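Below you'll find a set of structures to go through.
What follows is chain A paired twice: with chain B in the first complex and chain C in the second.
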Partner chain A sequence: MKMSTIDTLVCRELTKKYKDKVAVKNFNMTLEKGKIYGLIGRNGAGKTTLLSMLSSQNPATAGVVEWNGENIWENPNALSHICFSREINIGTNGSGLGEMKAKQYIKTAAMYYPNWNQAMADELIEKFELDVKKKLNKLSKGMLSMITIIVAMASKADFTFLDEPVAGLDVVMREYFYRLLLEEYTRTGRTFVISTHIIEEASDVFEEVIMMKDGELLLKENTIDLLERSYRISGLAEEVERMTAGMEVHNREVTGRSKSVTVLLREGQQLPRGFDVTIQPLNLQNVFLALCGMGE
Partner chain B sequence: MDRAVKKQVWERTRRYWGQMGGKMALQVILCVLVYMFFMNTSISEGSDFFISFFYQGMMGAIFMVIGPISFVNTSLPVTMTFGAGRKESLWGMQLANFSMFFLLVFFAVCSGFYYKGNSSEVTTEIAVHVLVIYGIVLLLAMDVGQIGVFVSLRFSRKGTVVYMVGAILVTMGVIVGGVLWAMRQGIGDGMNPGILLQSVRAAETVGLAAAVLLYVAGFLGLRRSLMTYEVGR
Partner chain C sequence: MNEILTQEKSIYLQIAGMIETDILRGILLEEERAPSTNELAKQYAINPATAAKGINILVEEGVLYKKRGIGMFVAEGAKENILERRRSAFYENYVKKLIQEARSIGLNREEVIDLIRRNGDERS
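And now, the complex of A and B:
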């Protein structure tokens, strides 16, 4: 299969407004070829809306999405390189969707993706032990997730987005999915953007993390770099305050005379020494909670 | 657009949407055949056939209304999830709609058998007019269906249901009314055939003009709605 030489998918000032809210605000981002991105944010942060606009499934109110410098809107050439395998929700995607058989859904996907790999789809159907003759409304949430994974993988699109792909999957299947993702990524160099709430489990596969909050881009950073500059500092309140003066501080917790904070070091910053505090490294989930948790 | 991409887009549109329309037409034809089988209707016999003729016409017209509206719930979100553009979907729906005109071919074949057995009563000119009128009825029904798609995209589900029920009742009313009018005029029943044919030609002209205008209005409304359509919302 011939892989494209495309390097980037860029969104500039991407905005989506509805009557009562702004779902995505002035979003600027570049997705590079050959990376696995984790897209994380709270419910309602705008993740699905963003992915929908990046794949032209929803029109933007403002801004533009470009693939290799070409606007993707009504551009079949550009869209043939992008796949957003969205969560199959029988209730909202279309009320008639439930009556569609899984086989027909996958067959339709095969018609529309020019690089579709049927052998891969068949292999995954067998691995997942999916009964494709069943109607979508007779399948469990986990099975519907399997179908979105099959479509995403078999599409062989350069830029592939998955929205909550592991929702409803048991731990065995989730592990299989992460392994499959890494194998496919290693073999083809495709770009994947995975939106998930099961952050810690998935963080090992994310080369970069994109964090969204209230429709805005909070950060987009290499996962290891982010974790290397994130710490939990605990100790007596005065010590903690002296040590963290001038630093980016989040998620403050005060218990009596003790205080705990999460710090994100800026470029060039280092943790000062000589303070009687406890310093703990953080995992991605804790960083997310510190930046997007309640009260932040 | 690149030639290879254009070809790809046309190919998938033809395969998917052409099949949708063809499938719908086949469903109607099967229903009619089953009806005729169970009613033990001979294709060339008088009033029994006329009744199945009538039901075929009715079912066909109703499917032409329902067909386009059914696309909104399944075909549109699915194909756009898989990367179909809006203009592509618009033209795909037109292909599906016009594929259902295969019903007209089936109607013509059935009519041929009927007229063969009743050639003393029905002239070729009348046969052609019946076919033309049915074609216009199908086109009008399709227009109603296409406008229903526009209604469905713009308004709530309740609004769509009200529109659909109304559209089906009106369609049935027009067909029944038309047939009753024709029977009251009494084809071959002493009325001046020249005047009757004049009325029929006038009705065809008005009907065709209305069908074309409604089609254009529905098409433009649909094009506008599709540009703001959101998958999954």
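And now, the complex of A and C:
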């Protein structure tokens, strides 16, 4: 085994084509062990498809996924280290999933993961006050989210992916989830990839953010670094233009004589001084809106 | 440390600032153990790497120091150290902005000084 491939999950030129649509396109990325990644993108950006290929739940049209240098496809050893706890959708498929009891669903999931920790699953079931005797189609969206969280946590997989884990959870449960995640992370150093639309409240949890747009990787960067090079500049239009000339500019808004733009500094670039403009820092949601909003 | 994290400043700067404030208020004493990265991560629901970045700033400034195998401790003289730095930053952070704003709304120096004096009178 090469040193460079230890404890990594790597995808190269990963592509998924459906009949008339490319869901994921030439995706190149390395996930390191011991980080919490946030995966963000608009609906239909390809997040779920990407995660399902990274966990071998869905075959790629082209490209490869490697765990520590081994192709993960039909590779039980590699897959025992990867867990993708999917969002449970009852309505969309007639597979009879809805008739399954929660307990059975969790039990089935447990069989896939050799490092499954039943004590942890039981503890979370109790904490969440989840009635596991109920059928999935009798559970609320929040309770289904809890089940996906239980499966992800108890899998004890080195690389664990969660797709919209907090969708449907109330604010108290969301807060609890982030703390649970951080506790598990600090104790074990597992890698987590978390997709979410509730960007702002999760952004402090992500060490790195992976942004996807139209099936492609837009950026993958340390969250703090990204925020520290992103600014909203506004003022008299000519002044803003003079200041931002030659910079990476997004999301321009002009109202009368005023103009606002979002700039992303390049490496080594500094904000020019001496201009009569207002400079505001941005949060992750605003950076996302600047890069993936309707104006772009 | 009961403040709420805001979007104004980077989270790690806020973490460093809150630990400093705790030292100034006597919540954390010199030669006492400071909260660990993991404790801060859990308390504020932030990534431990972010918390570590905040702690590292304080180590660089000599406010905290590392005892191997035990954790981070508040340095002797930390309180004085923080006060000195905050005093020297007072001009940059507050006075300069105050003067800038005063100028842009046409208040002259005497008027500003007068306002400051008057504020002092009201409080006494």
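Here is the rule we use: the second predicted complex is superposed on the first by the 287 of 296 C-alpha atoms of A that agree within 3 Å, B and C clash if a C-alpha of one lies under 4 Å from a C-alpha of the other, contacts with A are read in each partner's own complex, and residues count from 1 in each chain.
Please note the rule applied: a residue touches a chain if its C-beta (ideal position, glycine included) is under 8 Å from a C-beta of that chain, and two chains touch if they have at least 3 such contacts.
No experiment lies behind these values; they were computed from the predicted model shown.
Enquirer: Could you tell me whether chain B and chain C fit or clash when both sit on chain A in the superposition?
Expert: fit
Enquirer: Contacts for A:37 in the overlay, against chain B (first) and chain C (second): which applies, first, second, both or neither?
Expert: neither
Enquirer: Kindly classify A:82 by the partners it touches after superposition: chain B alone (first), chain C alone (second), both, or neither?
Expert: first
Enquirer: Between the C-alpha centres of chain B and chain C, what angle is found at the C-alpha centre of chain A, to the nearest 10 degrees?
Expert: 150
Enquirer: According to the stated criteria, A:186 is in contact with first (chain B), second (chain C), both, or neither; which is it?
Expert: second
Enquirer: Which partner does A:288 contact after superposing on A: first (chain B), second (chain C), both, neither?
Expert: A:288 sits against neither chain B nor chain C.
Enquirer: According to the contact criterion defined above, which of chain B and chain C contacts more residues of chain A?
Expert: Touching more of chain A: B.
Enquirer: Contacts for A:207 in the overlay, against chain B (first) and chain C (second): which applies, first, second, both or neither?
Expert: In the superposition, A:207 contacts chain C only.
Enquirer: Output check: A:128 vs chain B and chain C. Expected answer is one of first, second, both, neither. What do you get?
Expert: Touch status of A:128: no partner.
Enquirer: Between chain B and chain C, once the two complexes are placed on the common chain, what is the minimum CA to CA distance in Å?
Expert: After superposing on chain A, chain B and chain C come no closer than 27 Å at C-alpha.
Enquirer: Starting from the residues of chain A touching chain B, keep only those that also touch chain C in the other complex, and list them.
Expert: Comparing the two interfaces on chain A, one with chain B and one with chain C, no residues are shared.
Enquirer: Looking at the complex, which residues from chain A come into contact with chain B?
Expert: 48, 52, 55-59, 74-77, 79-80, 82-86, 89, 92-97, 99-100, 105, 108-109, 111-114, 151
Enquirer: Going by the contact rule set out above, which residues of chain B touch chain A in the complex?
Expert: Counting only chain B, the residues touching chain A are 1-2, 5, 8-9, 12, 15-16, 70, 72-74, 76-88, 157, 227-233.
Enquirer: For chain A, which residues count as touching chain C in their complex?
Expert: Answer in residue numbers: 36, 175, 178-179, 182-183, 185-186, 204-207, 223-224, 227-228, 281, 283.
Enquirer: Quick one: in the complex, what on chain C touches chain A?
Expert: 5, 7-12, 38, 41-42, 44-50, 53
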